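A single structure is presented below for examination.
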Amino acid sequence: MLEKNTRPFIGCEAGYKEASAVIFGAGFDSTCSYRPGARFGPSTIRNESFGIETYSPYLDKDLSDIKVFDALDPELPMGSTEKALKIIGKYAKKVFDDGKMPIMLGGEHLVSLAAIKEAYSKYPDLRIVHFDAHIDFRDEYLGVKLSHSAVMRRAYELLGEGKIYQFGIRSGDRSEFEAAKGKTFTYLFDLKGVEKLKEMIGNAPVYFTVDLDVLDSSVFPGTGTPEAGGVSFNELLVATKEVRKLNVIGADVVELAPMLDQSGVSTATACKYLRELLLTIVK
Amino acid sequence: MLEKNTRPFIGCEAGYKEASAVIFGAGFDSTCSYRPGARFGPSTIRNESFGIETYSPYLDKDLSDIKVFDALDPELPMGSTEKALKIIGKYAKKVFDDGKMPIMLGGEHLVSLAAIKEAYSKYPDLRIVHFDAHIDFRDEYLGVKLSHSAVMRRAYELLGEGKIYQFGIRSGDRSEFEAAKGKTFTYLFDLKGVEKLKEMIGNAPVYFTVDLDVLDSSVFPGTGTPEAGGVSFNELLVATKEVRKLNVIGADVVELAPMLDQSGVSTATACKYLRELLLTIVK
Amino acid sequence: MLEKNTRPFIGCEAGYKEASAVIFGAGFDSTCSYRPGARFGPSTIRNESFGIETYSPYLDKDLSDIKVFDALDPELPMGSTEKALKIIGKYAKKVFDDGKMPIMLGGEHLVSLAAIKEAYSKYPDLRIVHFDAHIDFRDEYLGVKLSHSAVMRRAYELLGEGKIYQFGIRSGDRSEFEAAKGKTFTYLFDLKGVEKLKEMIGNAPVYFTVDLDVLDSSVFPGTGTPEAGGVSFNELLVATKEVRKLNVIGADVVELAPMLDQSGVSTATACKYLRELLLTIVK
Amino acid sequence: MLEKNTRPFIGCEAGYKEASAVIFGAGFDSTCSYRPGARFGPSTIRNESFGIETYSPYLDKDLSDIKVFDALDPELPMGSTEKALKIIGKYAKKVFDDGKMPIMLGGEHLVSLAAIKEAYSKYPDLRIVHFDAHIDFRDEYLGVKLSHSAVMRRAYELLGEGKIYQFGIRSGDRSEFEAAKGKTFTYLFDLKGVEKLKEMIGNAPVYFTVDLDVLDSSVFPGTGTPEAGGVSFNELLVATKEVRKLNVIGADVVELAPMLDQSGVSTATACKYLRELLLTIVK
Amino acid sequence: MLEKNTRPFIGCEAGYKEASAVIFGAGFDSTCSYRPGARFGPSTIRNESFGIETYSPYLDKDLSDIKVFDALDPELPMGSTEKALKIIGKYAKKVFDDGKMPIMLGGEHLVSLAAIKEAYSKYPDLRIVHFDAHIDFRDEYLGVKLSHSAVMRRAYELLGEGKIYQFGIRSGDRSEFEAAKGKTFTYLFDLKGVEKLKEMIGNAPVYFTVDLDVLDSSVFPGTGTPEAGGVSFNELLVATKEVRKLNVIGADVVELAPMLDQSGVSTATACKYLRELLLTIVK
Amino acid sequence: MLEKNTRPFIGCEAGYKEASAVIFGAGFDSTCSYRPGARFGPSTIRNESFGIETYSPYLDKDLSDIKVFDALDPELPMGSTEKALKIIGKYAKKVFDDGKMPIMLGGEHLVSLAAIKEAYSKYPDLRIVHFDAHIDFRDEYLGVKLSHSAVMRRAYELLGEGKIYQFGIRSGDRSEFEAAKGKTFTYLFDLKGVEKLKEMIGNAPVYFTVDLDVLDSSVFPGTGTPEAGGVSFNELLVATKEVRKLNVIGADVVELAPMLDQSGVSTATACKYLRELLLTIVK
């Protein structure tokens, strides 16, 4: 009765070996240029997950139907971006190497880069499906190349042209939009166009990265740079179901900043979305 | 100038005798399994009601056109569920016995059970129209039968099959959905279908219970278990107008949790909805 | 490197002389009947503006394409309404006199009256386009004529019949709606009808006043009297583009109350709207 | 059971006629130069008072031992300082005229002026005992004479030299300190010196005004201009007992600003202090 | 690297068998009469504990010097007081039976009763040392015997006269103080007198229960019923060192309510106190 | 009237040339291991400074009596510690080179290192007087040398033994305390001992660094790692006056984290302390 003391994300109680997917946190946020706090995203999602159910009436499916292990979070050296990405990369690599699907919880969006690098080294034909309010295509910021607003630029440099599909984009520097032209597929404002992805991508391996600020700022206020004019939760769910048709080999959900979520409503939304994502893409 | 010291919900200044409807609070929240605080719902709604107007441009009607008495709130013994329900039941019974319509303010959803019991004992053919994000059809929770997530199960046991009409439902255990099948009419996700109620129910007496978390969590963050993917305020208003066609004999509005409503926006929304509800169903 | 110490709204770094538009704050809120704090609107919008970009993907235009000077905020004597309005009026007058467009940041809605008076004295055929949740057409409140809920009544008395076009209105006393009949054009609930303005107004000079509570309370919780049932951010953007077709000679954006915006999401929305408004109406 | 709907400050349930003291609110805050919100002080103190007990172990006395009527709060026209003070003055006058002691709840400190005027017109030899962090001795602010930072200057002009005794003062303009010299007794930083009051004042009538920001800002954060370096709650209690030795004919407690009191701890402290004050000075 | 997923209170990483003390949570709060939320105390203390160090400069001792197991928290049926206490009691009993010291984290104060019962059944000569702002000696509340304000009355009925030593008491009904007279040792207002305990109690077994609201409300705002006029953190530390001289066989720390602790300062204080308590009383 | 748009810290309106001291912000916080947000310290202190007065009754001195220029804040690349420190260092160097005293506003404590380096290169006999709750003497954290908890270790490596005087220290790893022994003068828990500094240091140049968490967490909750058991505001003022006797050549005030300061009370305290510090040490 008293001897065990683990507390994973609700319904993710499989052992590591039997699991087909592995949740882990990448609670890093040092490069945020505006409001920090995404470092607390993973632990808060986990701690508050007992406020939701394991069952989805949207999918008529329960987390007990799949096998997910929650590895909790590595400690990360704040302020030391390269070291932090290295540690995150190791986690992602191990999960890939063990033939499982990583589901990473951010942290700021830059953490995706560490997982994408590992995914790319295993799947050289990798594509990225990217839901976000921000185009994240800066070249640098005050001379710094590794920044949350540069993550897709860095990913593009790795993967090459025509491999990144962006949806919901409604913010960024003019130079970012200009730079992305011809290099990525960028769909502005909403998630329309997701239904064409299967035709465009076919069975190529896909890393699916969801910056939760793609949601309207009314739906998801608890994030560093909330953006009005975004999609509803139901639109996000519908688009996520489209992504299920692709060959998703890894995913992440980033940019919940609990210190900015006084009512807890963004955390509850992140928990619910993580449940739906797991039930949608984990086999 | 100084001798009177009452402060009711705005525009509800009728005396008890002349009133056709009676507001009272049921500020109980001991069985919430997640975030408590709904106990402060009734007093906060009343205190903040002077921030809204008595007039509805939606209905072109004013609270001064109807007669409502606000009875404030009985003191309730927290942690002692049966005693609390008994006290609430007494209030509801007196209002029914005096030929008036009770409009109860929660509190957690379990408080509806006390009013429903009294309604049922007066109107044996009672129906329940239930707006909620949660199906509330647990059999028990850790061995406890009286819980806010079991309220519709208990109501079903009282009224029998086919008497409960649920709308907006988007959360619950798998076992709850399975148990409700064939016993209740359960409409998922939104309020569509409300317009068929008149045909289904005719003139049978109806108790109308509104868990405010049926609203999208962006619209109503200040509640214990907010649920993304819900309806808009305007959708709720339109559906409420449909309910007016039924023979409503009592109603409640539950689950505002002011401690989780730092911006006050959920309280303002609850106040506005209560005004619209009163203007819609009180004759 | 160290000698200059200005911090204007992002991208509004023109000198006064070269600027075609001038931002200034009117941080007054003494007549609010409910929750105060709009006095901090201008400074908070300015301080938090560095959280957004200067580029609009909606308009494919950047603040560096136009010339705006940010004059910061005059100190205003709280509690002394007439003196405060006089100071605000002086600011507006100087901007008009110098042939520039004032873009005033409230503060409560009454501050618009000071700018409208100056606009009217320069443009006797002035029209007002008014986006708001509230009709703001009280005659007086406890004997007081100058109040944020009376601002359009006072403006009507100045301009005469048929000069004020109101949109999004969903709240007010019955007496206000009755009084406005035949005197203003009042469109209830949403912004539909804006597209007819060009036909109705032609090239007459227009003062455009935006009370941000026209937005749904989920989109804009940080305001004194949030009102459920309002428009979305995208609907506001679309309607603002319609206003561009008119001959706008001045504008304001009022009623952000930062003390009620714990998550910062309303401030971010106000900043983004101000950017879009500037890019839309400043030539 | 249902017919009565009053909710006064806890334990203040006497009828008006039998009461020897009368609580009423003066929820005005329009002249605050910094953070507003004190308008909600009276209603919040009343609403939250049921979180404390009626019994004081400090005095071994219970509110049931005295007779106090709670008259709730007059509606006040925000932004119209003179009208608001007039209404407050009428309340105070009636209480004085009926031979009872007014205990007024602010509101900003300027509201004291209305009560002091009435006290002075009844008791021409009036003294003021003033606990505050701020000296409140401005001549004017932006040309305005009626301001919360000028209240003691205005009182001095009424009563004359040597009638005001200030304690705990630790903030103000240099000009205020210079102006007060020789006109008031001003004790800096703490409440030491209160024990000499009896000797100085004897049996002259005393109006006792307590600005709660005399407390250290750690003890009382929920106020418009919190000031570090103040007194502890126990020091305030001890000093208040000294005041009991004087001939107190009226009192007020001002400057709780509930919007700035997210934890509720300042409100709880204000409630407790009001209980202690009532038990100390009401006969 | 990935296979383990526990997260105990910082520094409490011993296995159950080797541990001499066992932390577990009793996150129950259904009987709170005022503001609930203490249910989240245990999980929040654990989650936020990584914000403090394992080393105490006060004691020059580190948590790595002792062996503590953190058993996390049993699920408890809210609203069902007797069942919840039974589950808590089972936890306490097992720890006692295994010859270890339980350190329980509340939750509301009533949870202490479950542990005290088990302690008493093992140690019939049990004494209670009780730090609290509230005397907690009600007989009943609205007919309910099991309530957080009755916990010491119930404990007295179990243990008999002269076994309970209360410190810091400054709040309660008059009837509670009268009832406690002659039955308990009740020290008002502060922790003076603790140094006499060794002489009074000698080597008798002691259960040490700390309601954190014994701290001044400035030091510990995040609790259901904060009380001004309490002790400082350093005074609490000094008194706790005195308790170390006694034969402490179990302890608890109760009444942190994280929902009321927006700044996180009460949680940080609770974590630090728990570290100091462990280093003080665990051998 | 409109052409100038600067808004410095209150009363710091001198031009750069005439100023004897220069305020600038170092809003960097990327290496915080726990709660971030100190990046907003400088701008928030400046924006809220108009809530205090320019006059100090403690010192009977006004900011108009001295000449201070407020240079606002350089933009800093978050996540790139070395680059950020380099930019900060350039600011400090210019101020030193121009013969003025820098008063830097943090940001996290690591920013002090940049200023200390410049001070040391100008004044090789430099001493550091350090007020803090934390000893900040880590060697590294997860392999990272530049961290806010290592700042004094790095400073020691620069300056050598016996040059750092620490006060108020009450938190840190055991290894930090052990490492500091014999290398620094470390006074635990409070600021006693400051009065011996003049004798110990004489006229050697002193850099004075104040981590505001030296204050008790009740006095200063708005900081990343608040620590109970600290000093009062008055104790800090008294100790600061002692420091005036030394030859202070530069100073900083760090670790205000406005996102954690919902009531604004820590910001108000930081503003007041900055005023007192300026009036104390600027000639």
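By letter and in written order, the chains are A, B, C, D, E and F; residue numbering begins at 1 in each of them.
Convention: contacts are C-beta pairs under 8 Å (C-beta built on N, C-alpha and C of every residue); 3 or more make two chains touch, one makes a residue touch a chain.
What you are looking at is a predicted structure, and each value in this text was computed from that prediction instead of being measured.
Enquirer: List every chain that touches both chain C and chain D.
Expert: B, F
Enquirer: Counting only C-alpha atoms to place each centre, which chain is farthest from chain F?
Expert: B
Enquirer: Could you please state the distance in Å, as a whole number, between where the Cα atoms of chain A are centred and where those of chain D are centred?
Expert: Comparing mean C-alpha positions, chain D is 55 Å from chain A.
Enquirer: Centre to centre, by mean C-alpha position, how many angstrom separate chain C and chain F?
Expert: The computed centroid separation for chain C versus chain F comes out at 41 Å.
Enquirer: Could you please state the distance in Å, as a whole number, between where the Cα atoms of chain B are centred and where those of chain C are centred?
Expert: 38
Enquirer: In chain A, what residues contact two or more other chains?
Expert: Residues 35, 216, 218-219, 260, 262-263 of chain A each touch two or more of the other chains.
Enquirer: Can you name every pair of chains that touch?
Expert: Every pair of chains meeting the touch criterion: A-B, A-C, A-E, A-F, B-C, B-D, B-E, C-D, C-F, D-E, D-F, E-F.
Enquirer: Which stretch or stretches of chain D touch chain F in the complex?
Expert: Chain D residues touching chain F: 34-35, 169-174, 177, 188-189, 216-219, 221-222, 225-229, 260-263.
Enquirer: How about chain A: which of its residues touch chain B in the complex?
Expert: 50-55, 57-58, 62, 216, 218-219, 232-234, 237, 262-265, 268-269, 272-273
Enquirer: Taking the complex as given, what residues does chain A use to touch chain F?
Expert: Going through chain A, the ones touching chain F are 29-33, 35-37, 39, 75-81, 83, 110, 141-144, 146-147, 259-260.
Enquirer: For the complex, which residues does chain C have touching chain F?
Expert: 1-3, 5-8, 16, 22, 24, 43, 47, 69-72, 90-91, 94-95, 262
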